[in-house]
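Paired with chain B in one complex and with chain C in the other, chain A is shared by the two complexes that follow.
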Partner chain A sequence: MLPLSLLKTAQSHPMLVELKNGETYNGHLVSCDSWMNINLRDVICTSKDGDRFWRMPECFIRGSTIKYLRIPDEVIDMVKEDAQAKSRNRAEMNKNRGGNSSQNQNQRAPRSGNRNSFGIRSGPSGGGLGNGGMRAGNSGQGNRPPMQGNKLRK
Partner chain B sequence: MSGLESYINHTVSIITADGRNFIGTLKGFDQTINIIIDECHERVFSTTSGIEQIVLGLHIIRGDNIAVIGLIDDTVDSRLDLANIRGEPLGPVVH
Partner chain C sequence: MDDLNPLAGTAHLLEEVDKKLMVLLRDGRTLIGYLRSVDQFANLVLQRTIERIHVGNQYGDIPRGVFIIRGENVVLLGEIDRDKEQKLPLKEISVDEILDAQRREQEQRQEKHRLVSKALKERGLAVNADIINEDFC
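Let's turn to the complex of A and B:
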């Protein structure tokens, strides 16, 4: 289970956040992001020594300033339903990807053929050397579409 | 794979950068070593009285703040007589 998916599940729950400077913030989690930045509602801030308090209707806390978050125990049981199902699906997708290796090889063969033909088409547009080679190729091989030759000279 | 994978669902001891010691069950972690600790206790060491255990519950500890994660042998740990162990509290990490 990922810490940030637990945090996401804890949205709308009360929590205690201790910052690196020792201040603590008690409030309800409104939102969080992948940097652990969080929005709290109905917040009580407590000073490091614990003897001064501030009430505020909401606040934003930058993730990098957080030391830890204390979350209601029941939240961990709620993660299992959504986030863990997702990670299980992802694991199974990876399994399928690895499992059909023979099929993958079959798929790869035509793709490499495409890459070659693409290489011929796109290669000359690269550098002067490629252009030179292409011009020689054009004069030598009658089967090249004239359109492409024109494109290249421009 | 991170070596932490094998600690999942085991009891671990976390020493944080501010010198605190958290004990609990490791439920998850990510690439920055943010961790989920379930049934978290803090053990407060003192030279004048035994180790005080404070029950904290479910915690997410940010990776920045973690110094050491150690695996705890539950059978050895349960034999400890915390009330009669004295020790100096750790100081914070100095940079």
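Let's turn to the complex of A and C:
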């Protein structure tokens, strides 16, 4: 879960944004983008020394001026639940895909035996599309989910 | 195995993920928390973060929760050695006490700065306070 994805997950949650100049903005996150530009609503701005306050119904903050954002603890827990749900879905999808692809392989194996060792990879021209699709499924199954799993676990 | 690793030979933070880190910000603040995520800009996500304020050989911790730190504000970060953490040569005091100590230190620094400026001014060396960045004092 990248920092900016976490920020997106925190949408509609209250947060504190401190700018590089020391001003802080407390408000609810409305939206954010990949530059970390953000929209807040129901904002209280506090001056650097903390002795002056301004209320504003909404504000936009340019990402490049931000020092850090503090978000509620539960947002990270939401991410963890999301990740678990996603990996469950992925596991189920892979189970289905795995069944299909092994069937396909079984169908192809005898044919490729008649051709050459590349037969499995390139396939007959008519079956190219299906084969390509199957390979994509295989590579997805073989590589991607475990890697993503690692990232998420980290 | 290293040859297969696309990040071999590149500086990266992935190995620090989930470790307890100390992060020093450009404004001089020290944060300590568990690194949960990083990206290509070295934006960081810290969980269970505390802000540690040092004054002399005393320190105080303020619980702060989850941080998303914009990478450009980070000076350095490093893993906390659990063993060494147990026997710090520093004394922990309460948040109120450390904030008080910090305020006094700040006032002393300002007073010193005022005297230096005055002395320089008397010698015809006017220092423009605006061009001195407080961060580097």
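Note that in this section the second predicted complex is superposed on the first by the 79 of 154 C-alpha atoms of A that agree within 3 Å, B and C clash if a C-alpha of one lies under 4 Å from a C-alpha of the other, contacts with A are read in each partner's own complex, and residues count from 1 in each chain.
The rule is simple: contacts are C-beta pairs under 8 Å (C-beta built on N, C-alpha and C of every residue); 3 or more make two chains touch, one makes a residue touch a chain.
Worth saying up front: this structure is predicted, and the values here are computed from it rather than measured.
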item: Simultaneous placement of chain C and chain B on chain A, clash or fit; value: clash
item: Chain B versus chain C as contact partner of A:Met36, first or second or both or neither; value: both
item: Touched partner set for A:Ile66, first chain B, second chain C, both or neither; value: both
item: Chain B versus chain C as contact partner of A:Lys20, first or second or both or neither; value: both
item: Which superposed partner A:Val75 touches (first chain B, second chain C, both, neither); value: both
item: Chain B versus chain C as contact partner of A:Leu2, first or second or both or neither; value: both
item: Chain B and chain C contact sites that coincide on chain A, given as residue numbers; value: 1-4, 6-7, 20, 36, 63, 66-73, 75-76
item: Residue numbers on chain A that touch chain B, as the complex places them; value: 1-4, 6-7, 20, 36, 63-64, 66-73, 75-76
item: Touching residues (chain side chain B, partner chain A) in the complex; value: 16, 18, 27-30, 34-36, 38, 56-62, 64-65
item: Contact footprint of chain C on chain A as seen in their complex; value: 1-4, 6-7, 20, 22, 36, 63, 66-73, 75-76, 154
item: Chain A-facing residues of chain C, complex; value: 14, 17-18, 25, 27, 36-39, 43-45, 47, 64-70, 73
